[in-house]
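Going in written order, the chains are labelled A, B, C and D, and every chain counts its residues from 1.
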Amino acid sequence: MSRIDEAFADGPAFVPYLAVGDPDYESSKAYVEALARGGADVIELGLPFSEPVAEGPTIQGAVTRALEAGMTPETYFEFVGELDVDVPLVCMTYYNLIYQFGSDAGPRPFVERAAEVGIEGIVVPDLPAEEASPLRDACDDLGLDLVFIVAPTTEGERLERIMEQVSGYVYVQARLGVTGARDDVSDKTDDALARLTEWNVPKAVGFGIKTGEHAERIVTGGADGIIVGSALVDIVAEGHREARPAEDVAADLEAKARELTEGAESGYAQRVPEPEHT
Amino acid sequence: MSRIDEAFADGPAFVPYLAVGDPDYESSKAYVEALARGGADVIELGLPFSEPVAEGPTIQGAVTRALEAGMTPETYFEFVGELDVDVPLVCMTYYNLIYQFGSDAGPRPFVERAAEVGIEGIVVPDLPAEEASPLRDACDDLGLDLVFIVAPTTEGERLERIMEQVSGYVYVQARLGVTGARDDVSDKTDDALARLTEWNVPKAVGFGIKTGEHAERIVTGGADGIIVGSALVDIVAEGHREARPAEDVAADLEAKARELTEGAESGYAQRVPEPEHT
Amino acid sequence: MSTSKFGEYGGQYVPEALMPAIEELEDAYERYVLDNEDGFMDEFRRRLRDFGGRPTPLQHAEQLSERYDSEVYLKREDLVHGGAHKLNNALGQVLLAKYMGKERIVAETGAGQHGTATAMAAAHLGMPCEVYMGERDINRQRPNVFRMRLNGTEVNPVTIGRGTLKEAINETMRDWATNVEDTHYVIGSVVGPHPFPRMVRDFQSVISEEAREQIREQTGRLPDSVLACAGGGSNTMGAFHEFTQDAEVDLYAVEAGGSSLEVNEEEGVAPNSASLSTGDEGVLHGARTKLLQDTDGQIMESHSVSSGLDYAGVGPELAHLVDEDRVTPVTVDDDAALEAFHRLSQDEGIIPALETAHAFGFAHENPEKLGDVTIINVSGRGDKDLESVIEETGKRDIAAAPDMDVFTGGGL
Amino acid sequence: MSTSKFGEYGGQYVPEALMPAIEELEDAYERYVLDNEDGFMDEFRRRLRDFGGRPTPLQHAEQLSERYDSEVYLKREDLVHGGAHKLNNALGQVLLAKYMGKERIVAETGAGQHGTATAMAAAHLGMPCEVYMGERDINRQRPNVFRMRLNGTEVNPVTIGRGTLKEAINETMRDWATNVEDTHYVIGSVVGPHPFPRMVRDFQSVISEEAREQIREQTGRLPDSVLACAGGGSNTMGAFHEFTQDAEVDLYAVEAGGSSLEVNEEEGVAPNSASLSTGDEGVLHGARTKLLQDTDGQIMESHSVSSGLDYAGVGPELAHLVDEDRVTPVTVDDDAALEAFHRLSQDEGIIPALETAHAFGFAHENPEKLGDVTIINVSGRGDKDLESVIEETGKRDIAAAPDMDVFTGGGL
């Protein structure tokens, strides 16, 4: 059982996402640590890629700010190495950065370096199960989880192929489209969770979660965790736009994290008792 | 022998052209009369047509001014009827105006009305010999001369066909192109005259004659007359542009006419004596 | 000798200076075009195919067929190199000028389509070329001006008068009269003195030669009607010629109705270009034909939203065919033409020239006239008209037009 | 099952949400395109002929042949409806989307040629369509934007990044990921995840199918070389495909050399679009291919005077053929492309797209590489580029350019 699995073992997991280096190296570190303080169970740390095709405008903005501030894969790894948090960290990035890293072709050098700085899982939005084996192999060898995304359109054989490969948790995409905070909870979430009941791996729902109330609803519906990105990046972006002190922004992030954690827990409490996940 | 033939009988004929109604009815009348005083032997009176394809910018300008001032075929005939000059008048216009005049189709009504007001000849720049018979017949019936233009390109059979039909005088186009005063005399003039020696009809040279000296050179070369349009219209245009009194412009036109008449006479005096035209 | 008349129409009303050149052209037309001397017509057809892109398709138009309850076929002259039927004639004449040993080409242009076609043909055949174009048209059709320049052609602005096609023709005739010895005047439609109307028609007849064969292949029969817009009438005669003997085929020449069919005698302005429908007999630009003129015989200023139809005259053969009741002249006004422009663009994915749009306007207003099978000649594409269309659409309330928000700030 | 790879290149690197649609597409590609189920390919070929204007001619270019001492033949894709080879693919994909029961089309566009082609095909087939286009490209190719709007297509400006093709593709993928159930993404070149590179190539291969037959008819032999410009590489693969088995035919993919082949790692900018010539392996927009990227793997901003070549990636099959030494990648810079644009316009009376002009630039700089017989693919016409050409020519001293006096006052 990996540390990531453990994070899902007792009650619902809150999995926040931030783009590393947004809007600058030091602030970004403070923000990640604030999320940990606010109750994060796992943190997804985005390594910015120039072509974030799966992201909506909010995270595109974060990625652009981070790149403009000079974020690179190597700087990212240094950042992660320096972090003072005690939750499992998952690297989220696009395949080309993984593929290009180091002098050898292929994903192994990237995974080695990630393991070295303490990354425990990887999720790659543009890497479907069909193309994943080289990365899968490297992760297995180095003891990292490889998280896959399951979309509302993923069904039947495709779903099985993904669920056979996934480890850590499965990222349940709550709606079609790209990342971005929304004012409502997608109807499709329940369907998606329903399709996954037969598998034991933890199910974390993402795409559009914005408030504690959303978190509550989603966990009530059966999710083992919630993934929240854009709603947090919005706070970073606003702080940057208004040139607020990093501590203030960090405090807001911590508060938002707490709201979401509490929402998730409250949802969990309301759940019809059912056999707990192992 | 028509009055036009007679005008060429004793010495070289000066044949000025003006567009009737340029820049207005009354001034135009004064200008035509001034040309008569200046020594004109025949006067070509232009009836303005909206598409003066054979004219250069100077005469186009005259035509435009006259049309804008309201000149129409009927007004033209009234103008001619009112003129106080004692030289033969030749109407120069385009075929569509001749064709459209009066209620009947065909050129006859136009020729009848022209005869009525005292026009003694017609010249139509866009009517080659091939299309001329209806007009030729009407002119013959009503005793008008029909002048044709011979171009530098007119040779051989074409030339014969024209020379068989022409009466009054033949308009010898001194150069290719459109009307307009020039600073030199075309080399082609002599060639053109040479091609015509075998015919007895008077040869009046036009296209580009501007000064008494030009007139002299051309008559020396054997022309029986000179046709001058643009050089005179230039005087009218300048007077109009500078809003000079019509009498002053008329005086200038008379002086210019005199210069051209004298030039022609001086050229005639220098000619190697040759049998006179009948 | 080929006759110079079509009934009462036609003839050769030009300055004497041009007559020898016209006789020379007549002779060349008969030898090269009619008798295929030195394989002229073979070379012409080969170049029309390889350079020009012929044959053009006859396309069944699915949406229009449904809309009008008639099988509508489009003759796709918009696919000819340069974007209009104009190249058929320009290539023929420039090649003929070469065979005649001429060394320079002049041409007039209205919409710029004949000018660009001539410029392309001249570049293709290595002939120096100058094009006269009214200043107003230069402003209405700037892309075409630029294309001519790119092909190495000089573009001479004509500033006199209203600065449209009529004045450009006048000015080109003046150039020709000046340089007649080494220059050929490539006239852009079935107008002008004989042999132009006949020769241009012969070069354009490839349209109906192809279409007649294609419609029989595709439907096993002849069409009930053929529609073409008519300015000078070259795409019109090109689309009609091979059908004139087929008495059962109705031929509609669609003229520009402009803003109104009424004329303003006072101003000398006809706010339309409907010479076949409303004009009467007279002589212009070398031929007797139907004209927009006042009672004195002065030529009127014509008007149309499409530069290429904006002309006071029309080909003499068309005038004759109208008098003979073989061709039916009809009109479509500016508004209906714009509407038809937008409709065809959206329904069929073909952006027509504004000239061409008139033919579609007629189909829309008179679907009952089409019969069971109709051919509409798509004389050209509308790329040249984008600026005009933005402007003219903006002035009107046109149901079929798209919302033009992307173009805040106007023009292209 | 059709393989998703070309050697090491290709694959399907897309968000999971798109994978089911891609599998569905793969299935449809195999059934309809490869197996002609329901007569799909027959309908496609018929529409390509009647609506698109195929076949296009293979024209012997007389002036260029003399200039380069080689028999130069031009494959005239500029005569395809819309003005470029792009319709071959757009029509195929929109039709396929119809067969698949999709109800909406999205597409990206750079030069606007693929966008206009898709807009035309969508109007023709009655499909709603939205096109994403970088804001910078919107300004460089305004006539094409307007044409799309006229065909009833929505044009969505993409403001992020430098506002060119790469960003437009990103944004279209996002739309597709959102509306994948009823929407088909008509990608504009041989790029993207499998089956796009293979399918787009199959739709474009009509170019070399025709050309191979035409050259044999006209010369009795195969060419020594085939030249095509390469952005994504669709006209390139279209022109090469049927010749890849003919070992004696040299294939030149002419990339945009931009202002320089040097890159600025600091700024993340490559002032060129030469991914085959200078790029290295990576993953972009769904496929492994050759890319312009920095050492970290961040994609560079590419550059070319021609919007349609301005892309950091290239089709995976071309990358593979280059590795196999079957295709030779070469570059032509902005200046030489502009020079070639003017030269072709004047020499042959064909105004090429700026993209296309690159292929002619290579011929001019390397006439000795052409062999005795060469085919140059005229991928498109230059009407869309007039504004850019005025501007870019004005910045330079281009020997072949005409004097642009008529255009005092700038732009069109």
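The definition used in the following text is that a contact is a pair of C-beta atoms (placed from the backbone, for glycine too) under 8 Å apart; a residue touches a chain by one contact, two chains touch by 3 or more.
Just so you know, these numbers come straight off a predicted model, no measurement behind them.
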- Would you mind naming the chains that touch chain A and likewise touch chain B? none
- With chain centres defined as mean CA positions, report which chain is farthest from chain D. B
- Could you grab the centroid distance between chain A and chain D? Build each centroid from C-alpha atoms only and quote it in angstrom. 37
- Item | Intercentroid distance (Cα basis), chain D paired with chain B, Å | 66
- Of all the residues in chain D, which ones touch at least 2 other chains? none
- The positions of chain A in contact with two or more other chains are none
- Task: Answer with line, ring, star, complete or other to describe the graph linking chains that touch.
- Result: line
- Every chain pair meeting the contact rule: A-D, B-C, C-D
- Message: Under the stated contact criterion, what part of chain B meets chain C in this complex?
- Response: 49-57, 60, 64, 67, 72-74, 94-97, 99-101, 105, 125-128, 130-131, 148-155, 158, 162, 173, 176-178
- Item | Touching residues on chain D, where the partner in the complex is chain C | 49-51, 53, 56-60, 63, 76, 78-79, 81, 83, 119-126, 138, 142-143, 145-147, 149-152, 155, 157, 342, 345-351, 382-383, 386-387, 389-390, 402, 404, 406-407, 412
- Task: Provide the residue numbers of chain D that touch chain A in the complex, in ascending order.
- Result: 4, 11-17, 19-21, 23, 160, 166, 170, 173-174, 177-181, 268, 281-286, 291, 293, 295-299
